[in-house]
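Both complexes below contain chain A, partnered by chain B and then by chain C.
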Partner chain A sequence: MRRVKAIAICTALEAFRRRTIYVVLFFALALILFLGNASFFGLGVQEKFLKDFGLSLLSLFGLLLALYLSPGSIQTDIERKTIYNVLSKPVRKEDLIFGKFIGISIVILASFAIMLSILVSFILIRGGSVGLGFLTASALIYLEILILVSISIFLSSSIPTVIGASIVLAIYVLGHMKGGYMKELKGDVASNLARIALSFIPSLYGFDMKSIAVHGGVIPTLYLLQILGYWIIWVVIPLWLGSILLGRKDL
Partner chain B sequence: MLGDLIISARELKKVYGSGILGRRKVVALDGVSFDVFEGEVFGVLGPNGAGKTTLFKILLGLAKLTSGKATIKGIDISSRDARKSMGFVAEESYYYGHLKLKEHMKMMADLVEFGGTEKDMDDLLELVGLLPWKDAKISTLSRGMQQRFGIAQALLGDPDILILDEPATGLDPIGRREIRDLMVSLKERGKTILYSSHQLSEVEMICDRVMILDKGRPLKISSLDLLIGGLGGFEIVASGVRTQDGDELSGLCSSVLRKGERVVLRLDDESLLFPCIDILKGMGARIVSISPVRESLEDVFIRLVRGDEEG
Partner chain C sequence: MSSKSHIVVIAIISSILISAVLEDEILWGRERAGIRDEVERTPMGVLLSMMGGLKELVADILWIKVDDYFHHHIDPSGKGATLLGEKDIMPIIRLQTWLDPHYVKAYVIGGWHLAFNLNRVPEGIRFLEEGKRFNPNEPLIWMELSRIYFFKLKDYAKARYCAVRAMRLSRDKDELASSLWLISRSYGKMGKEKEASFYEKALERVAGKGYVERSLREALEEAEREHEHEHGEHSR
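After this line comes the complex of A and B, so read on.
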């Protein structure tokens, strides 16, 4: 555990010292500030708009951070040979992979905390209210982004950064469209093949609880437990596969 | 007197697959066997592409063996435990440049489960002369400083074995000297060192034994004394030798070379030394110097590698 922690801290420190992360945060905050001060809607509508758009913004900037930090996490270490320093020590490949994941998760969590606190402040200043549903929806977006981080790290253990990032972007889009598309599928061969192919894409739409959050609803506990179980599977399996792939690689 | 067996390698073979499907095979190591004993500095020499770095990667668990067996202190290299007693410095500095020296040291200390305090880490930085820079980012250090930092972090946990893969490559003479001095002090502290370098004069100064690799195969494993210790005759430098006396000398000497006022006489046979001195005295010449001729490591290296290419 000490080794995983060391790699996580190193990954987080490295990320926090890159300027790009602050540029992304700056734009996210600028957009929230712009929306918070805009007054083209009535009070009730503006609050719903602010919540809806704010959560979308969290998802979008979370995706941007995931794409910036994760697809190159292992590959860059291999290219720069920094991985030699780590793996020449008595470190398991799993320690490296899980350490990277935790480090990136910390960075995204800190960024989310900043964006969310600004967003919530604006909603409250504008006379709106923020309930448990809104905060749960935000947490689900964070978990959704972590699935993308996990898949990115898995891909990063064997394919170049740009290709990995493109695949993750496609997974984000397909993962959100998957729910609607699955409903359209019939029982023919082509549909069954599509169903099999889509089973390799996480159902990210399940993490999108914006509509409930915007209308002040509460997400059922049973659903949350189910989605948490689903999340654990989609985080652990890619990381575990990534460790195996990295273990087979000659560095 | 050799110490305990520390590294044992038997018939190491590494074949890399290249091309899209990995069908084209590149043999990086082929039948490499050697032993390294406690406290010795073992040089691994060879031209570029000889397989030196591949050998080190295999010992460090960074690449997998195709066949063969290697152990570190009796532990198979496929085990993580084998790496507990090893420190590694690569030919170039590969560090997380955004981290400060003390942060990087802390991370590496955690990776080797180093039980020491921050003071112990400071002592290591002091040893390599980098303590004043402990709060600086690694990316701001010069290359020589980064290499010295590499040695400090390789020493975390006080490993018995150090693998130094061309640690002085690209450094200026001062940087090279600093690395060499550090290696000498580590040798004095009883560390077992595997060392690779193209600076053969430095290898000659530091190593006890060397292995010369070429195209993945070992050409020679020998102690430096045996490899370059044999006398290759004598060289006499004399002045006041007249041109017409040259014929008399050339009967004894393998070569007579005139350099201005002086002549350089090369004797291949030790028994001809005193007769030659007598002749020079008889001519009224002044002997400037007499020195034994030894084949340098560079000469041996080039002879072996060229011989392998021709063979």
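After this line comes the complex of A and C, so read on.
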């Protein structure tokens, strides 16, 4: 556990040293400040817009961070040969994979916390309200992004960075489309084959509860438990497979 | 195959099976919560489904257009305020409700526009019924349905039924007063004077005497203020 913690801290510090994160964060905050002051929304929907926009921005910004930080996390270390410095110490390859995941998760969490606090302040200043549903929806977006990080790290253990990032982007789009297509599938052979193929893509749509949260609704507890169970599977399995693949590499 | 490989294969298969079971539950849970994941079988529907988590944001951006349309009706030729292109706004409202079926205001405005401005009453009712399916506890949709039955179809029994539903779901004094007014007038039109008077008194208790006149006066004042504001902007 100590080794995982050390790698996580190193990964987070390394990520915080990259200037690109601050540029993206600044851009996202500027957008919130600009649209928070925009007066082109009439008929009392400004609060809804701010919430929709803020949550969408969290999702997009999280995706950008996941694409920027994770796909090259292992591959770049291999190319630069810095991985040998780490593996020459008493560190297992599983520790490296899980440490990288936790480090990147911390960076994304810190960025989310900054954006969310600005967003919530703006909503409150504008006379709106922020309920538990809104905060839960934000947390679900964070969990969704962590699935992408986990898959990115898994891919990073064996696939070049650009291809890994492209696959993750495709998974983001397909994962959101999946729900609608699952409903279209019937019981015939072709549908069952499609169902099997789709089961290799995470159901990211399940983490999107914006439409409930912005209208002041409450996300059912049972649903949250189910989605949490689903999240654990989709985070642990790719990381575990990633560590197996890395273990088979002659490093 | 080594025993470690066996473990990996078994773990992957069992994870996929568990996640498949959970996935069905998630889909079902979303349906119960009124979240719409269906894909319309059109190129536009596929495009919308690709937007994934950004659908609601696009619905908001479309609302700017709807809001602008109902507030200004500006003729692009520059001849001043007109009602040209009255029908053009409906596809945008429709798209909005596809993107975000919880956008109650889009359903209410769309239903009202279809029934009262375009005189397509059955379509207006169908539109609001759809909104009701996704937002069963929303008094504004019941209220708009009641208005259509009352003013356009003169079906006072249905108008009363919808207004009663709106009254039970109302969240503030204004919503309660509007629904009480519709119930009272519906009973009046049905010839049930005793019930009409009962709800009239309830309305007076909730909103005070002269509620209708006051509401009309406030609406007129607001319209005048908006007109002056727009006029000022144009002259600038």
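Convention: the second predicted complex is superposed on the first by the 250 of 251 C-alpha atoms of A that agree within 3 Å, B and C clash if a C-alpha of one lies under 4 Å from a C-alpha of the other, contacts with A are read in each partner's own complex, and residues count from 1 in each chain.
As a working rule, a residue touches a chain if its C-beta (ideal position, glycine included) is under 8 Å from a C-beta of that chain, and two chains touch if they have at least 3 such contacts.
Model, not experiment: these values are computed from the prediction.
*Asks:* Between chain B and chain C, point out the one touching more chain A residues.
*Replies:* C
*Asks:* Contacts for A:88 in the overlay, against chain B (first) and chain C (second): which applies, first, second, both or neither?
*Replies:* first
*Asks:* Could you tell me if A:187 is touching chain B, chain C, both of them or neither one (first, second, both, neither)?
*Replies:* neither
*Asks:* Considering only touches as defined above, state whether A:56 meets chain B (first), chain C (second), both or neither.
*Replies:* Only chain C; A:56 stays clear of chain B.
*Asks:* For A:233, select first, second, both or neither according to whether it touches chain B, chain C, the two together, or no partner.
*Replies:* Second partner only.
*Asks:* Scan A:80 for contacts with chain B and chain C and give back first, second, both or neither.
*Replies:* A:80: touches chain B, not chain C.
*Asks:* Who does A:250 touch here: chain B (first), chain C (second), both, or neither?
*Replies:* The answer is first: A:250 touches chain B but not chain C.
*Asks:* How about chain A: which of its residues touch chain C in the complex?
*Replies:* 40-45, 48-49, 52-53, 55-56, 59-60, 141, 172-173, 175-177, 179-184, 195, 199-200, 203-206, 208-212, 214-215, 217, 219-220, 222-223, 226-227, 229-230, 233-234, 237, 240-241, 244
*Asks:* Which residues of chain C touch chain A in their complex?
*Replies:* Touch residues, chain C against chain A: 8, 11-12, 15-16, 18-20, 22-23, 25-27, 29-30, 32-35, 37-39, 49-54, 56-57, 59-60, 63-64, 67-68, 71, 100-102, 104-105.
*Asks:* Note which residues of chain A are touching chain B in the complex, please.
*Replies:* 2-3, 5-7, 9-10, 13-14, 17-18, 80-92, 248, 250-251
*Asks:* Report the residues of chain B in contact with chain A in the complex, numbered from low to high.
*Replies:* Touch list, chain B to chain A: 16, 57, 60-64, 80-81, 83-84, 86, 88, 90, 92, 94-96, 98-99, 103-104, 106-108, 110-113, 153.
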